[in-house]
Amino acid sequence: MAKIGVFTCWCGENIARNVDVEAVSEAISKLPGVACSMDYKYMCSEPGQSLIASKIKELGLTGVVVASCSPHMHLNTFRKTVELAGVNPYLVEMANIREQCSWVHTDKEVATAKAIELIGMAVAKVRRNAALEPIKVPVTKRAMVIGAGVAGIQAALDLAAGGVEVILVEREPSVGGKMAGLSETFPTLDCSQCILTPRMVEVGQHPNIELLTYSEVEKVDGYVGNFKVTVRKKARYVDIAKCTGCGSCWNKCPKKVPNAFDYGLGNRTAIYIPFPQAVPARPVIDADNCLRLQSMKKGKELCGICLKQCGTDAINFHDKDELVEYEVGAVIVATGYKLYQITKEQENPKLQGYGEYGYGKYKDVIDSLQFERIISASGPTGGEPKRPSDGMTPKTVVFIQCTGSRDNAKGITYCSKICCMYTAKHTMLFKHKVHDGEAHVFYMDIRSGGKMYDEFVRRAIEQDDAQYHRGRVSKIEEVMVDGVKKCRCYGADTLTGKPCVVDADMVVLANAMLPSSGVTSLAQKLSVGYDGYGFLSESHPKLRPVETNAAGVFVCGACQGPKDIPETVAQATAAAGKALIMLSQPYLTREPEIATVDERLCAACGACVKACPYNAISIEEICDRKGNLVKMTSRVNPGLCMGCGTCVAVCPSKSVDLIGFTDDQVYAQLESLLD
Amino acid sequence: MENELRNAIRELLEKQEIDVAIGYGRVGVDGAVGAVFVTSPDDVEQIVWNDECRQNLAVHLTRPEVKAFGKIGIVVKPCDARAVVVLANEAQVDLDLLTIIGVVCSGIKRAKPDGTTADEYYAKCETCVQHTPQNVTLVVGDVAEGEALDAKNEQNAATAGNNAKLAKLRAMTVEERFAYWREQFSRCVRCYACRQSCPMCYCNRCVADKNRPTRIDTSASLKGNFAWNILRAFHLAGRCVGCGACASACPAGIELDLLNLTVSDAAKEHFGFVAGTEFGVDPLIGTYADDDKEEFIR
Amino acid sequence: MSQIVTLEQLKQTLGAKLAAGAKVVAPVLDGEFASFKEIADVEQASFVPRICMQNSIEEFFFPKHETIFTFVRQGNDVVLNDAPDFDVEQIVVGARPCDAAALPVLDPLFAWDYDDRFYQRRRAKSTVVSFACTQSDAHCFCTAVGGSPENTHGADAILFDLGDGSFEVRAITDKGKALFDGKTTESDKVGKACDAPVVNFDVWKIADWIRANFDSPVWEQVSLRCVGCGTCAYVCPTCHCFDIVDEGSYKKGKRVKNWDSCQDAMFTMHASGHNPRDTQGKRQRQRLTHKFVIYPDKFKFYLCTGCGSCSRSCAQMFGVRPCLEALDKEVQ
Amino acid sequence: MNSEPKNTDAFEPKIVAFVCNWCTYLGADLAGTNRLEYPANVRIIRLPCTGRVDFNLIVKAFEIGADAVLVSGCHPGDCHYTAGNFHARRRWNLFRELLDTVGVDTNRVYFSWISAAEGAKFQSLVTEIVEKTREMGPYEEYQSIVAEA
Amino acid sequence: MENIYKPDLMEVVKVKQETGDVKRVRIRFKDPEKAKQFSFNVGQFGIFSVFGVGESVFNICCSNSHQNEYFEFCFRKVGRVTERMWDVEPGDTIGFRGPFGNSYPIKEWEGKNLVFVAGGIAMPPIRCAIQYCLENRDKYGKITIVYGARTYGDLVCRTELDEWAKYPNVDVLKTVDIAPAEEIEWDGRVDFVPTVLKDSNVSGENAIALVVGPPIMIKLSLPILSENGFKDEDIFTSLENRMKCGLGKCGRCNCGSVYVCKEGPVFTQADIKNMPDDY
């Protein structure tokens, strides 16, 4: 029955020391179906592989078992060996008699007996193996990048430069992301917008890039190489083809609301561009605040000033959301981050907030991104450091690091990675503008690993005289001192062991970084994993840092974990590179060890559809030649299935099986253990 | 109430809202109650309702012979109604073609081995706290009476009927339990009557009939019988509604309802899951929660 | 003059057989369920004539599963070992007349051109002692197929319950005589069975109707409530369809003969997926045809003794008698 | 059947382990790489994911004479396939109850999360399982139903 | 007493893959005594088994001229047993029970013209008769073989067809439903079997027809044969009911009162008309 060749490796002394390889080989040769049983010093070596190949040719072997190390080590090696000798690569099984036998059992008799059983199991399994061909999936040579912050911009430009069409989706009215709102960047203190703006313009103009701002991903169908992504283009009420971006509308708009781009520190109008360098430099009407749109709901037509102002007839109050489907081969997720809002009410029940800092209650307690705007030349104060409550130039500013980060008790467990650096930057920027000011920093540790980073922090301390206190602030109170409102920070300096109370004019909190809102629902649409905080999971932390477990979906930037701009850009380029590699293939090959449904017997109950982590299974109709419905069935999409086998276990009628790990194969392995 | 039921069915047939009504009638030896399939309003007098209406008629809904009728009206007891919900949730019945006629049930008397009616309710009825059918198209009978029975049973549900048997079983040592089921399963003849009378056993081919590989030995030996009965119990995890059709069909008198109850109980205890209470619910197996119990995992 | 055996004497007789290494099968009561079981001690048995039994005596002649042979694979070779022969004496006591009557019905089948030694060895080694019926119920219809409450067909001896702790023994065969030889006393009491159950259909006519109405829609109609559970076949004293399967591993295992039921959809399923009997109507038709047409054509017996076990145990209140009655309406 | 009481000193338990390819299998490999010795009684069946392990495999393991069964995979959140182990965990909850009900000793069925980094955990768990099973003795109860014709 | 369910041990002598999923296996008795005593008639079937997997029923597909040396059967890989049977290699041991059933009344056909009509995997049940008749060529009149399959790759005994055509007075009409790829040299028809049969114009005069194949092929072929003058008694077929024991005991193969395993598998069209449609 079948002709199986078994090749047992000595691995030098690694296996042979504790396993009597010759005895094993002899015992295995007696198993039914074993046509030859050989042993050799190093099976993975060139002569070892030649031995296998020659036996295949000599005996016409129908299956091969290599008893040596872990399949994680050499399964691919031996698959190639047999393939070159004319046997299907999936007709090889390995028996792991090194890692799981000779290295862990020192009693030679026991280890030898175990090795024989392990090989017997592999022989039993390989007898049930089927010849398989890799699955070929066609590829759509177009990519989608979700999020147009610095990561998305970088990835899109790299892909476009590689000749791939890119759909760049951004939910805000402009590209640019968080970086567009930053003042200067560490450790060089060069202007953030000066670096970014040219890239933003390039994205807007690149012939290979289709820019979809004010748009969100609604639905994702399909699979690697063949995604169908439906994008919701939100109603902008401004026809950006007609609009020239002249500004007469937003200059005349009577309705003023806080500008989210300035984190509420400045105002904008209801029809607005978020910031002057926006790309596209076309306004959008904020429907919630527009007097006209609000009145239309009540059947009236108030205001309409912008309509009158517009010389190109670009305003359309009857604009509606539009759903557009795009076919893309790869998706890069670059949705970035948000700051942890530390007020007491938290969405995540594990987080308790930091009510004791009075954030949201005391106007002069702000977060780091707000400080960026205050200190930015294009910010609401024109770059003049003024505190929000009364516009006074703060003389004493307290910076509190690790607000929320590294707090197992009630905050977030991880380090947000960039706060040490930007706080040092903040102290410098502050001192550069307020020469007689005092910058106090409360910190837990200073983490400044990186090129020129530690030097940068030392500069803040040594040259710009920032006062670093190693300790936490337990509470902030608003007090009046000599008629001036102060934020009294009750801190401690653990180095001196003394309490340290500072009356600050302003407090800047280095709030922890969280993935931006909505990322988990996006991740679910894409079948990408995420951690307890919503950071997307890469496929392997070291070896596959930008891939995800959803084939064809890549991640970069802060949506994957806290990181600074250089790292973000590097990762974005990496993601684009990986996507380019994928899209450069004429078709994708995928492992054929996937689930398969016996469609004749499937009752289409849908349990597998619910269980599949990859949405790879769908309910389909089976029709006869005339098109009449015969029955319903589940069907596995070979382009999506990753071969986990969860569907096999949940199938009530065992109508699904996992090729390569079928019940038949597992049963054969088990039965081989019967004495 | 029987008349109320007949009238309801007559009306449905007359208005052609249904092509067939599956109900209970005196069809067996000596007028024993079994399923009748009434297609004409003139025949509704065949339909009866009493405490001998044992069968779970939902078992017929997935049979091709029955589906061929078209629009079906089915008489269901409250426990059977839950079976219809599970079938709908598993896409086995088309609710558009189904009129679910729920009857308020005050308990069903079990059959003696010779097929006659015992003067005793089924054990499942003693713990039943749902005498009024839920998720049905229409309800026949006195809902208030049903609710009164619910309230009455709620008081002793924990210590009566199958729950009492279950408690007894749990009080045994693990060896005693093994011996208990060993004796029970030794009687199994592998006729698969349990499967055939179960509404949830609609698989196109049962695992027991699949032979690549043979997952369950076909012989009525202890090995095969053990595998069959426990794999079937697991097959019903999160699906069994506790109607007891399997136990009443078993010619060997194996306490299959008790076996299934242990799994349903676990589903309820660990996951708060009760099968067939709601349309549109995802299956218990095939979904998960982040905080599923795991203290037994090393 | 009749021969009488008291309950005690009966127990002693069987006890002696047990002590001599014989297998004794007798009705055993477990709660309200009575079934035929092999007993280790006469006290386990219940010597009361009953018509409602959970099983028939058939399984002691044709077990529900039986090993045909075992095999061991040795390299490319295979070694087969015959299952051991049944070689102990077996006494089946307390059979219903309709149980015992099934044996002569089955005999010609298991001897048809090929002798099934498994059945025949057990048959040769067994003595069947039946109880004349003391009651009948609405399921009984032995009279329709040539039986009666005191039918001795297939029995080696029949016992009539005298209601006073003793039985009148009527030995039918030498085996029966031998069993009770010297164990009985003479008496003038004569046992009497209950009245024969009344049936108002004619199986002969129905069989003719079946012969002529293979394609009748009536089959689907009458069997609509049947869910194909097959209980009828498993409790039937005459149903004998079986399956042959291999069990065990690739290296060693056995081939077994298992009871099967024509009510199972898989029964006639071809490997190609084609199934000539794809509905319950067709499967019920086969069952009835086999019992009342095919078998009599071949072996001159109805494959039914009218015991009523099928309808008694049917959860859907179906079975042979209800089916015959429904067909009788078509005959009329 | 062997009616003589077995010599428990000589009893070597047969343990079947169904492990996932990405965590526990690699954990077992790591135990090897680190030369962490443990008893040789475990026979590992490598599957892609614990999500693949259905109840019938556990039953089959006992049928072929396993004295104990281990099912082990990635820690929650670490599943190579995102959620296979969560699905597995839900089923295990129910397996256990059912096995307990029918009198299969749940001390003979182990579930664990062992990551690719936890070679030592694999070593200690296997050692513990073998020792405990050795104490409990061969699973004669289940074998008796398998042996019965 | 003999154990009628126990098979004889057979050694696999030769395995030939006929199509993508059909193999032909030649076997011989391991016990030389049994080989000497063995005989069968063309048209009979056997029950073949892979130990540990199970039994399957196949026709003996060769003539009985070498019955004491070897015989052959053909199978298609469709189920548990056949999937494992697929793996057998020369030297392996399999089980055999038989021969069972009736056979073609091939002696009675002497002197007559013969028409063999087969479709797909149904070639093997006819092959035995063809082989027999060709081996005894002078005893039979004109032989017409109409054989078709869905595709070129599904033709069983493809090379043999050409060998048969070389015999005197033998017409081999082969056809496929789907035209073969261009690189395949195909000298047969692209049509359905009944059409080819109709075009062949075979006469029922002093002739016997043997028709085996899928139900639809048989259904369409029968009226053509009738039109051409074949009487029902002269049209033979071989039924393939599901069987287990082959001994008339297991109760599976009944077709009305006919036990196909004992009274079949060979029936004339006249027999079949008297049997209920239960196959």
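So that you can tell them apart, the chains are marked A, B, C, D and E in the order they are listed, and the count of residues begins at 1 in each.
We take it that a residue touches a chain if its C-beta (ideal position, glycine included) is under 8 Å from a C-beta of that chain, and two chains touch if they have at least 3 such contacts.
These figures come from a predicted structure and were not determined experimentally.
When chain centres are set by their Cα atoms, the one at the greatest distance from subunit E is A. The chain pair with more C-beta contacts between its two chains, of A-E and B-D, is B-D. Look at where the CA atoms of subunit A average out and do the same for subunit D: the two points lie 35 Å apart. For the pair subunit A and subunit B, the distance between mean C-alpha positions equals 47 Å. Residues of subunit A found to touch two or more other chains are 1, 127, 600, 611, 650, 654, 663, 667-668, 671, 674. Residue positions of subunit C with contacts to 2 or more other chains are 73, 76, 243, 245, 249-252. Counting partner chains per residue, subunit D has residues 56, 60, 64, 83, 87, 91, 149 touching two or more of them. Chain contact summary for the complex, subunit A toward subunit D: residues 70-72, 96, 98-101, 103-107, 110-111, 113-114, 117-118, 121, 527, 529, 531-532, 537, 549, 593, 611, 613-614, 642-646, 648-650, 654, 658, 661, 663, 666-667, 669-671, 673-675.
Across the complex, subunit B meets subunit C through its residues 27-30, 32-37, 54-55, 59-60, 63-66, 111-115, 189-193, 195-197, 205, 209, 214, 217-221, 245, 248-249, 251-253.
Residues 211-212, 214 of subunit B touch subunit E in their complex. Partner subunit B is touched in their complex by these residues of subunit A: 600-608, 610-611, 619, 632, 650, 652-655, 663-664, 667-668. Within the complex, the subunit A residues that touch subunit C are 1, 30, 32, 124, 127, 600, 668, 671-672, 674.
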